[in-house]
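Shared between the two complexes below is chain A, which pairs with chain B and chain C, respectively.
Moving on, here comes the complex of A and B:
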C-alpha cells in the first residue's frame, strides 16, 4: 500500500509543481496575487480538449497548439490587465478574483458544464508492477512534468532572456539602467506563467476529467505551495509541490480521506509559523532559486 | 471623450437602479413558479437536465389547457451556483421581486436546506424532487414537500436484497462529502451489518477531488466483496474509471448518477456491471414514460432523459396539480393546503404526502449496467414503513 500511495502522491505532486511554478512567477516575482491562475490551468485542459477531441488532431500537435494558446493568453493578460494593476496587490487580487469567476463561467458557456475526458493517446491498460498499479497516462504525466520543468529551468538559467529575466526581478531599476526592457520581461514572465499552467492542464487532463470548476482546487493548493516554498522560488515550488502531493496521498490513505485536502495546508501552517519567508528562501531576496 | 464615457457609465448605473425599483409586470393569465437550480458550479450539468425536465412539464401542462381555469404556468429559473447562500438569495429574489407563488428547488440538499427557512417565513410552498437528505423533512416546516424518496427509503427497499443475492461478506464504502453521502452510507451500513456484511473501510471524496487513487488504494487493500458508492456524475465517473485502473474487480453498488446516459458514456467499460438505486430509468414501464421521453426530446433536441430531468418533471406536475386544486390559486397558503392532499399519478407512479411533506407511493428502481445500457433489474414501491 505504501508504494502505491507514494506513486499516487508523485503523480499528484508533479501536477501541483507544474501549476505552482507558473503561479510563483506571477505572484512571487511580478507581485500579482493571481487568483485566476487555476482558471488558466482549466483553460489549458480545455484548449487541449478542443484540439484533441473536437478537432481530432494528433496529441503532439494538440499539445503544441495548447502551448501557443497559452502564449497568446499570457500576452493578452499582461497587455490588457496586469500592466495596469501590477503594483498594487489589493487591486490585482480583486481583479483576478473577478477574472477567475469570469473564466469559469466562460468555459461553462463555451464547453458546457458536463465533465469531459481528454482522448488519451495512451492505451488505458493498467501496468501492474508487483502490487503497484499505474496507467501509462500517469507515467507520462510524471515524465512530461519533469521535462517541462527542466526546459523551464534551462530557459531561466542559460538563455540571455533568462538572464535579463532574473536581473529584472532582482533589481528592477538597475536592470533598466543596463538597458533591459522591463516591460518586455513582464510580458515574457506572464507568458511563461500562463504557459506552465496550460501545460499542467493539458497533461493532468489525461488522467482526470475536465470541469469548468477544476481550477478551484488547483489554485488553493497552488497558493499553499507557493507560500510554503517561498514566493518566487522555483526549487521551492517544485519540492513543496511534490511533497504536498505525497503527504496528501499518504495522509489520505493512512489517516483519513475526509481530511485529505487538509494535509497540505498543515504543512503550510507549520511553515508560516516556523519559517514565514518560505522553506527555501534565504532572507528576503527574490530569484535565488 | 472621457467625459462622454463617464456620462454613459453613470447613465447605465442610474438606469439599472431605476430598473430595480419597478417590479416585473405579470400577465393576468399566468401563475409564476420559481425554480432554483444549480446552473453553474459543480452540479451545473445535472442542473441543466433538471431545468429541461421542468420545461417539458410546463409545456405539457400549458398545451393541455393550463391550470386553475386556463391559466398558464410560467417558470422562472434562478441559478443557485451550487451554493447554499446563493440559493437563499435566489429564493428571496423570486419571492419579493418576481412574486412567485410556489418554489421548486433547490436540487442539492444543502441548497434546499438554505431555501427552506426563506420559503417558510414568506409562507411560500417549496417542493423538491431531487434533494434526498433525510433531515430536510424532519425540521417541522409547514410549507415543504418532497416528491422523491430519501436515501433511507431506497436502502430500506433494496439493501438487504442486494447483499443476500450477491453474497457480500465484506463491503467498502466511498461517498461524496456532504449530508447526502454520509447519511446514505450510514443507513446502508446498518442494513449491511444486519445481513452479515462487515465494513472494511469508509472513504470520502471531496467534490473537487480529481484524483481518487488515494481512497481507492485504501479500498483495494481492504479486499472487499463489493463497494457501496454515493456520488453525483463527475465523481461517479472518476470512481468507476480509477477503480478499474487500479484493478479492483468487485462490483459497485451505487446511489447517485450510476445509471445515467452520461455516466455510461464517460465511464465506458468501467460502467459495466454497476448496480444503481435510482429514481428513474429511461426503459421503465410506467404509463407516462413514453410521453415524458417525447416531451423531453422536444425541449432538448432529442436528448434521452435522465433522473434529474424526470424528478424535476415530477415536481412541476405536483406543483401544477396543487395550484389547480387550490381554492384560491393566487394564494400560496391555499396552494399549500391543496398540496397536502396531493393524489396524482406522476411519471414514476402515484404520490401522496405524509404529515412531514414526505412523498410516498411511487416506484424506485434497481438498475444494472449491461453493454452500455442501464437496464431495470427490479423495482419497488416507496412506502413509509421500515
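Moving on, here comes the complex of A and C:
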C-alpha cells in the first residue's frame, strides 16, 4: 500500500510542483502576491477541456493549444494588470483576489458548475508494476511534468533569455544597467509562470475532475510551497511541491482521508515555526500589510 | 493643551456623527430585507475590525479571521443548543476560548512574522473548516447547527429586525469606542510603531513579537464576538463560516477598500460590501465576475481605501 500511495503522491506532487514554480517566479521576481494563481491552474484545465472534449481535437494539438492560451493569458495579465501593481504586495494581493473572484465565476458562467472530466486519450487499463497499479494517464502526468520542468530549467540555464532572467532576478537595477530590458523579462516571467500553472491544470485534469472552484485548493498549496521553499527559489518549489503531494497521499491513506488536506499544512506549520525563512532560502523576506 | 482639546472635540464629533448615521440607516433602508442586510453589515463591522486591528494598526496581514468567526460561532451554538447555556454566558465563553486559540496561534506563528504568518493563518482557517465538517458528533458536519436562540433584551426576546439592529448597534458602538481608546493609548501607539518600523520599535524596547501577539489576540476575540452575534441572528452555523471565499474575502475587501488603519473605514467597507452584491443581482450569472472587476478597479484607483482618500480630499481643500 505504501508504494501505491507514494505513486499517487508523486502524481499529485508533480502537479503541485508545476503550479508552485509558476507562483514562485511571479512572486519572487515581481513581488506580486498572486492569489489568482490557482485560477490559472483551473483555466489550464478548462482550456484543455475546451479543445479536447468540446472541440474534439487530437490530444497533442489540444495540449499545444492549451499552452498557447496560457502564453496569451500570461501576456495579457502582465500587460493589463501586473505592470501597474508590482512590488506593493497588499495592493497586488487585493487585485489578484479580485481576479480570482472574476475568473472563478467567469469559468462557472462559461462552462457551468457541474464537474467535468477530460477525455483521456489513454486507454484506461491499469498497468501493474509489481504491487503498484497505475493508469497510463498518471504515468503521463509524471512524465510530462518532468519534461516541462526540464524544459524550464534548460531555458533558464542555457538560453540568452534565461541568463537575462537570472540577472534581473539577482539584481534588477544592475541588469538594467547592462542593457537588459526588464519589462520584457517581466513579461516572459509572467508568461512562464502562467503556462506552468496551465500545464499543471491540463495534466492533473487527466486524473481528477474539473470544477470552477478547483483553484482554491491549488492556491493554498501553492502559497504554502512558495513560502516554505523560499520566494523565488525554484529547487525549493519543486521539492516541497512534490513533498506536499506525497504527504497528502500518505496522510490520507494511513491516517485519515477526511482530513487529508490538513497534513501537508500541519507539516508546513512545523517547518515554519522552526525555520521561518523557508527550508532552502538564506535570507528572510517580509510581507508588510 | 489647547490642541489636544480641539483634537478630542473633533474626534468626538466624528464619532457622534457616524453613530447618528448608523442610527438613521435602518430608516433609509426600510424594507425587511434591507434591514436584514443592515444587521449583517453591523456584524461584519465587528468582524472587519478584528482584521483591522491586526492589519491596519499592527501591520500584520492575517487571512484566518474567518476561522475565529467560525470558532466563536460554533462554541456559542454548541453551548446554547447542546447544553442549554444562557446567551451571554455562552458568548463570553466563546470569546475567551477563541481568544485563547488566537493567542496560541500567535505565540507559535508570530516568530515567523510577515509572509510566513499569512500562510499559517490561511491554513488555520482551512483546518477550522475541516474540523467543522468532520467532527460530526459536535458540529453536525455539513448541515451545521440549527435553531440557535435569538437575542433577548432584559428577558424580552427580540423579534423585529429593527430591534435586533439597534441591539447589535449598541455593541458595535461600544467596540468602535474601545478601538478608539486603544489606538489612542500607549498600546495603540506601540502597534503603529511596530507596523511602520519594527526594527526601530524594537530598539526602543517595543517588542514586535509581543505586540503582534496582543493585536492578533484582540482581533481574534472581536471576530469571535461577531461570530456569536452571527450565530444568534442567522440562527445557524455551518462550516462555510470559515470559508475563504464566502467570508474572508469580504472582510479583506471591507477593511482595505474602506480604509485600513482607520476606525470608520471598515464601517463604510462593511456596508458597501454587504449591499453591493445585492445591487448586482440584476446581472444574475455575471454578478460575481462583475464584483471581481469592481474590486480590481477599486484597489487600483483607491488603494488606501475610501476613508483615507476622503480625508485627503477634505484636507486638500483647506
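Definition applied: the second predicted complex is superposed on the first by the 282 of 289 C-alpha atoms of A that agree within 3 Å, B and C clash if a C-alpha of one lies under 4 Å from a C-alpha of the other, contacts with A are read in each partner's own complex, and residues count from 1 in each chain.
Keep in mind that, in the parts below, a residue touches a chain if its C-beta (ideal position, glycine included) is under 8 Å from a C-beta of that chain, and two chains touch if they have at least 3 such contacts.
Treat the numbers as computed from the prediction; the structure is a model and nothing was measured.
S.K.: For A:95, using the defined touch cut-off, is the partner it touches chain B, chain C, both, or neither? Pick first, second, both or neither.
M.R.: second
S.K.: With the two structures laid over each other on chain A, which partner does A:170 touch: chain B (first), chain C (second), both, or neither?
M.R.: neither
S.K.: Contacts for A:105 in the overlay, against chain B (first) and chain C (second): which applies, first, second, both or neither?
M.R.: In the superposition, A:105 contacts both chain B and chain C.
S.K.: Go through the superposed model and pick first if A:268 touches only chain B, second if only chain C, both, or neither.
M.R.: A:268 contacts chain C only, not chain B.
S.K.: Which partner chains sit in contact with A:113 here, chain B, chain C, both or neither? Use first/second/both/neither.
M.R.: First partner only.
S.K.: In the overlaid three-chain picture, which partner chain does A:4 touch, first (chain B) or second (chain C), both, or neither?
M.R.: first
S.K.: So, A:211: does it touch chain B (first), chain C (second), both, or neither?
M.R.: first
S.K.: Kindly classify A:50 by the partners it touches after superposition: chain B alone (first), chain C alone (second), both, or neither?
M.R.: A:50: touches no partner chain.
S.K.: Examine A:258 and indicate which partner it touches, taking first as chain B and second as chain C; both and neither are also allowed.
M.R.: After superposing on A, A:258 lies in contact with both chain B and chain C.
S.K.: Do chain B and chain C touch any of the same residues on chain A, and if so, which?
M.R.: Common to the two interfaces on chain A: residues 104-105, 108, 213, 216, 258, 261.
S.K.: Over in the complex, which chain B residues touch chain A? Could you list them?
M.R.: Residues in contact with chain A: 40-42, 44-45, 47-48, 177, 203-206, 208-211, 213-215, 217-218, 220-221, 233-234, 237-238, 244-247, 262, 266.
S.K.: If you look only at chain C, which of its residues touch chain A in the complex?
M.R.: 54-56, 58-61, 108-109, 111-116, 118-120, 122-123, 126-127, 130, 133-134, 195, 244-245, 249, 252-253, 256, 260, 285-289, 291-296, 299-300, 303
S.K.: Give every residue of chain A touching chain B within the complex, in rising order.
M.R.: 1, 4-5, 8-9, 11-12, 104-105, 108, 112-115, 117, 124, 126, 128, 133, 135, 204, 207-209, 211-214, 216-217, 248-249, 252-253, 256-258, 260-261
S.K.: Name, in rising order, each residue of chain A that touches chain C in their complex.
M.R.: Going by the criterion above, the answer is residues 81, 84-85, 88, 90-91, 93-95, 97-106, 108-109, 213, 216, 220, 223-224, 227-228, 231, 258-259, 261-262, 265-266, 268-269, 272-273, 276-278, 284-289.
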